[in-house]
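Letters A, B, C and D name the chains as they come in the text, with residue numbers starting at 1 for each one.
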Amino acid sequence: MSYANQLLPREKVFRDPVHNYIYVRHQVILDLINTPEFQRLRRIKQLGTSSFTFHGAEHSRFTHSLGVYEIARRICNNFQRNFPSKTPGDGLWDDSERIVALCAALLHDIGHGAYSHTFEHIFHTDHEAITRKIITNPSTQVNKVLLQVSDDFPQKVASVIDKSYPNKQVVQMISSQCDADRMDYLLRDSYSTGTSYGNFDLTRILRIMRPYENGICFDMNGMHTIEDYIIGRMQMYLQVYFHPVSRSMEVILNHLLLRAKDLYRANQLEPELMPYLLIPFFNQEFSLSDYLELDDGVLNTYFIHWKKSNDPILSDLAHRFIDRRPFKSAKYDKEDLSTINKMKKLVAGCGYDTKYYTGIDNSFNLPYDSYDTKKEIHDGQIKLINPDGSFVGLSDVSDLVRVVTNKIVSENRFFFPRELIKSDEINLFSPMVEEFRKHIKNDHIINE
Amino acid sequence: MSYANQLLPREKVFRDPVHNYIYVRHQVILDLINTPEFQRLRRIKQLGTSSFTFHGAEHSRFTHSLGVYEIARRICNNFQRNFPSKTPGDGLWDDSERIVALCAALLHDIGHGAYSHTFEHIFHTDHEAITRKIITNPSTQVNKVLLQVSDDFPQKVASVIDKSYPNKQVVQMISSQCDADRMDYLLRDSYSTGTSYGNFDLTRILRIMRPYENGICFDMNGMHTIEDYIIGRMQMYLQVYFHPVSRSMEVILNHLLLRAKDLYRANQLEPELMPYLLIPFFNQEFSLSDYLELDDGVLNTYFIHWKKSNDPILSDLAHRFIDRRPFKSAKYDKEDLSTINKMKKLVAGCGYDTKYYTGIDNSFNLPYDSYDTKKEIHDGQIKLINPDGSFVGLSDVSDLVRVVTNKIVSENRFFFPRELIKSDEINLFSPMVEEFRKHIKNDHIINE
Amino acid sequence: MSYANQLLPREKVFRDPVHNYIYVRHQVILDLINTPEFQRLRRIKQLGTSSFTFHGAEHSRFTHSLGVYEIARRICNNFQRNFPSKTPGDGLWDDSERIVALCAALLHDIGHGAYSHTFEHIFHTDHEAITRKIITNPSTQVNKVLLQVSDDFPQKVASVIDKSYPNKQVVQMISSQCDADRMDYLLRDSYSTGTSYGNFDLTRILRIMRPYENGICFDMNGMHTIEDYIIGRMQMYLQVYFHPVSRSMEVILNHLLLRAKDLYRANQLEPELMPYLLIPFFNQEFSLSDYLELDDGVLNTYFIHWKKSNDPILSDLAHRFIDRRPFKSAKYDKEDLSTINKMKKLVAGCGYDTKYYTGIDNSFNLPYDSYDTKKEIHDGQIKLINPDGSFVGLSDVSDLVRVVTNKIVSENRFFFPRELIKSDEINLFSPMVEEFRKHIKNDHIINE
Amino acid sequence: MSYANQLLPREKVFRDPVHNYIYVRHQVILDLINTPEFQRLRRIKQLGTSSFTFHGAEHSRFTHSLGVYEIARRICNNFQRNFPSKTPGDGLWDDSERIVALCAALLHDIGHGAYSHTFEHIFHTDHEAITRKIITNPSTQVNKVLLQVSDDFPQKVASVIDKSYPNKQVVQMISSQCDADRMDYLLRDSYSTGTSYGNFDLTRILRIMRPYENGICFDMNGMHTIEDYIIGRMQMYLQVYFHPVSRSMEVILNHLLLRAKDLYRANQLEPELMPYLLIPFFNQEFSLSDYLELDDGVLNTYFIHWKKSNDPILSDLAHRFIDRRPFKSAKYDKEDLSTINKMKKLVAGCGYDTKYYTGIDNSFNLPYDSYDTKKEIHDGQIKLINPDGSFVGLSDVSDLVRVVTNKIVSENRFFFPRELIKSDEINLFSPMVEEFRKHIKNDHIINE
């Protein structure tokens, strides 16, 4: 039997809080799980700074990746049981695609690093490019495992993830409006944060999913189940992913890494606080193996080191991040930008370097969303299939979905040190502080 | 109003996957949560190496500590509603004890460090002593917060945790056969590992719990609910906490730290791989603040560094730990020790330094259990109260509990590199390997 | 202590699949539960014919009524803890209203009878008037219990239910867009049908609920939680309450009772099949005690008797109902009415009496909805309160809710015997059958 | 394709609160579900009088039967996937047995009637014999459906249920210590009563279940999971099935039916209260179709009629049952029988006919247990299989199970009217009442 189809002597299971059991039957899947590149995902939190807001959100990308694999496996099972292809090109499911689908599902996030989004912003890395590299570069164990299937298999898996793979059923199973990736993260994030918004009826969605010639569609009679899923997703964005406290910690993280880089480049970082594994990134000359040595703990370790720095900004920001001292924030609209400039001056007047102590972002700057928004645009909308085989777009028949689609809009926030609005903590510069405070009402910047 | 009784302007909640909501009304509790010492617990996994076996077991001691607080809070509410003391010494609940109970519940694990058990073994630290120190030493933020309540309050909180506090109701709420600590960890570990063994009826246990003059007892009519809890606990030990793979990773961790220490002492650790924050421990001269800088991520970061060491043992063990390459193991009885010696020689013959590549442990060596066993001995058994006010010991009326109590016995295992029994991975020394393998049958060491 | 405030020697609990525990502390509540009128609710299914579609929907109005009581109790607790009135008229919660609120919550459905909606339609009963009567009429045990509180207490409880009670907080707790009644039935129906649509975050809704001078409002920052609840409610209507098969069984039930009444009035009902307890209703002269003897089982028993009737229509309809042989149906629009008339003629041509074998209804004819729709109109919309104390209507700020509110529209269906479209079951009149079938496409009536 | 293997055009699902989805693919299964005999099970509660204690226990035998079918289906799937027979007699699973297994699972309870146990006791019916008759007698729809599979198929299905079927894997799947029947009822009863004792890890049990030549065994490494199941079962017996209040309602039911029968035989039952459908049973000459017309609602309807009887005992007992007025009870040991006789005389002295107003039973008299106990004896114990293929009995290796097996012992109770121990309700005969009360202490009969 070929390696691609080689089954384990006995099916292996992983107990999982969300899916109860994750079933592994293929040797190649087990071998991929056992690579150092995949094990590394254990040390990277799925939700990054969100756990500062929702303490239960401690699950890793390892755990999520297993979950995506499991959902993809169930989709394959369902397709194979109910919609098996009989002749090539009949638009039904060809089960020889299963192994490439499962590998892509498992590996779709393999290139993610610690605090991906901010890290990418500061160091100009790109987790999608790195995912591709980990899969196709001969230096990795992942690549070695995949090569055992066939010479072109790594390339195939990578092309599923970057959506250039010809079979759109496989592509959309991993990456579309309603794919294994999103379904797992909604359930898992919902579960671990202790909220219930992201909960939806997974079993029923799997039942109404169908392959067709150009991808995956859904039975019209399951329309309300999809609506439920879409609304659940929106709720997770609004209530969890876009939470101002998480975003504020992200701003601090960004400024902390920026300060360290600035100091390093100015040769002002103390030798004993030198972040051994980050140096290639400071120098903008990093290899894949440099990247693969990083994880949340590594970055946090350096931040702990930096709390001892003589540079007051570096040590203060490290303290704010490690010991969870979020910035405060207020919403603003475009027309408030001049007010923000005024406010920045007041912050400066209170002695803060505004480059490191203020920030603006909109909710789309969060890792989750930027990723997502891109998908929305490229993927087009969910297709429903009528009993007579004709298709309609979900938002053409669902008023709710239309509303939701328009609703996930960017929310802009201006971030600043908490001391500026907590009266008992600062008083030296009180007239400026008082003026600063006048510009905020009901969580919003105002023009007096 | 005194700081002890100062309530937040509005009750604060933390969403939690196990308890749904955790309610905080006291300023002192919120202030404790915000100390760096408590925030540090976010970076220490509750179950240490267990997540190598149960991937979902990624929750931190921070999360668990909040849960213990919440259960203690519910116990206080229940006691106050149903058994409020009317006159001092009537054996009922005096709600002025609430705040010391809640603080002790929250802080009971504050002294835990990264991979506590192994770390203690190698570096001779003691998390119980450190807990006491964090609470009572003026250098910590925790101490500063507690001092605001009163001068002797830190000492009081510490004495609840070390069980010398005079009010035994408070002591047993935090630390006894059926306390807030154990109830939270069983539920939480059960939940996150995706197993269901540790599940029990928390609400009903809280209902049958009663204060009496010497501590906490349980209504006789809830006897079966307690049985259920005790059996659930046993199942968690047998199926989760004592899992051979987790124990094997613990053995590797132990040997890895030992090797690093040995190299450091021999001046053979490469300077660029020097574990900045561990040095005080290598030198056996560490301060409390040295201890508080450590966490899982810090240790893992050094292990990642050490994968590059020129010392083949250090780099290999670091690789085995970081990339999850567990040792294999087999059970043994006392009379098998000579066989184990024979086997060790065979391992040595295959080129392994047996000091670093073999190990024996019994299940009680695991962090969870050693802690627990001590408790069992000191705490005495669970007391049931009859309708007429007389008491009986749980194991005097429950055959099941008697069996269970005897059942949690030590299981001895001998650990060795996996290559020795996986035929395709080693063949140079095949005769020795073959002989080695003859000594293992059905997961047990045999004397041929 | 007055009877109103008389507490049980020990709090009593009822285990519940939805709320886990239901807590009863007041003697009056326990006494009400033990009245024959309340016990009767055990024998009446909450969802009537829905259990023919969702087999798990077997819970009774007894169970639901306990649940409504429990939610009301939690609301009172929350109001009392967080918003206690200090001076009369301050718009906060006056806990002396608790007992009337709890009694009204428990008794709000006490007047419901077997298959309420259809029964009312045929026999011109009115469950709301009967609820009032049971509470205020001296012949009932419920009234006797309530009178022990005070002479005007029965009247007070009744006025809460009919919304004329002056304290609008109490009224809206029991009956408004987001009240204890709806919250319990959504959770419970969702749970028992095995669907998840009606699930929402009860704990969080309770947290954001606030009393104000004119009733109950919700914190603005919980807006999305309310949205989630509203959408869940809509989903339950669309997917559960309006299910065509349940509605079809309701049509059969209607025609069966109608046929029995027609036969009785024509003196053609066999004496040995005489429905002893229904006769007062056939004669349109029934007393309260006649009404209280009816339940689902009583009606079903007569239907079982009637299966043996010599009247072919009565026995056939009884068989269709008891043995679950639903009619089929198709949607229609207003302009299809002439087509329906044509179709009816074809049904008649096939030998069916169309009075008993066809039917039209719209989804609002279902018990659940008619009840509900009335509420929507009278209750006005959900109010949100801003941090500064100003109010906004939910649908003024939520696009989703606006869509949903418009979305619950009536769906019209035409019902007819299944044989007409299942080809293998009828063939005598095939040309008519064939023509009949041409008028249906994709679950819709068409004009050829 | 033969009818036995005829699949539905599209897999049908039933939403279920316990199993989420129940999947039906075979036409024969759907046809069986649609028979009047099976639909009748909707009108019979699974737990009879238990819902008087646990109000949520309202589920029917219909619902349970679907659940047993679903578990059997999953077992078959698992066996077919992992242990398919290759050559006849190899002790593995022959999937051509699937259809007889599924039919037997679905129909195993088809002969149950309303309040089975008590009914059988009074009217000498036997639900097991009736099950056999419904399956094999040509008068039923069930038989007609089964005959379409083959002439001997009804007989085969019946023999699975009575355990004479040659393939012991099929027999034990439906009826053994750990079978589809028990697994469903534990989960479902646990769920609906709102207790958690009967919860166990169904998925894992299914994973460790294996066919072998003489039936079904379990992997040794799943021993603790089986323990957990066995202990959960015991807890359900102790806490739910044997609950004294449910047993007390069963005693009242027994006496009520007995009184009606006695009156009927003495020609003293009023004509207008004549229980039309019970007469054949009073006369001890009933047919299968007489039996199939009965259900819970039919009996309750007659009880409601009887509340109006002029016979004070009949109307009083009917009231006690319908309006839930349970007898009180106390435990007794064998040596207390003479005390009980004394107590009975006191009850008589208070004016009660002791034939109808007192009762003794032991817990094994409950429907659940008698059924079960028989099974225990015939089925032998659970077999575990070692890696080397050898077997051990579960109670040979599990101390817990040994204890549990001995623990389910009979508990004897003496039942009597509540008035005798509630002081405010009776006082006419106070000296006798006072003496009566002296014989009860701590829920136990005492000899003064």
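We take it that a residue touches a chain if its C-beta (ideal position, glycine included) is under 8 Å from a C-beta of that chain, and two chains touch if they have at least 3 such contacts.
What you are looking at is a predicted structure, and each value in this text was computed from that prediction instead of being measured.
Fewest steps needed to get from chain A to chain C, stepping only to touching chains, is 1. Using CA-based centroids throughout, the chain positioned farthest away from chain D is A. If you compare A-D with B-D, the chain pair joined by more contacting C-beta pairs is B-D. Annotation: 31 Å between the Cα-based centres of chain C and chain D. In this assembly, the C-alpha centroid of chain A lies 51 Å from the C-alpha centroid of chain D. The distance from the centre of chain B to the centre of chain D, each centre being the mean of the chain's C-alpha atoms, comes to 44 Å. Residue positions of chain D touching 2 or more other chains, listed in rising order: 20-21, 195.
Chain D makes touch with chain A in their complex at residues 11, 13, 20-21, 82, 203, 207.
Partner chain C is touched in their complex by these residues of chain D: 14-18, 20-21, 34-36, 39, 42-43, 51, 54-56, 58-60, 62-63, 66, 191-195, 272, 276-277, 293, 295-298, 300-301, 304-305, 319, 322-324. Touching chain B in their complex are the following residues of chain D: 195-197, 199-201, 224, 227-228, 231, 235, 238-239, 386-388, 399-400, 403-404, 406-407, 442.
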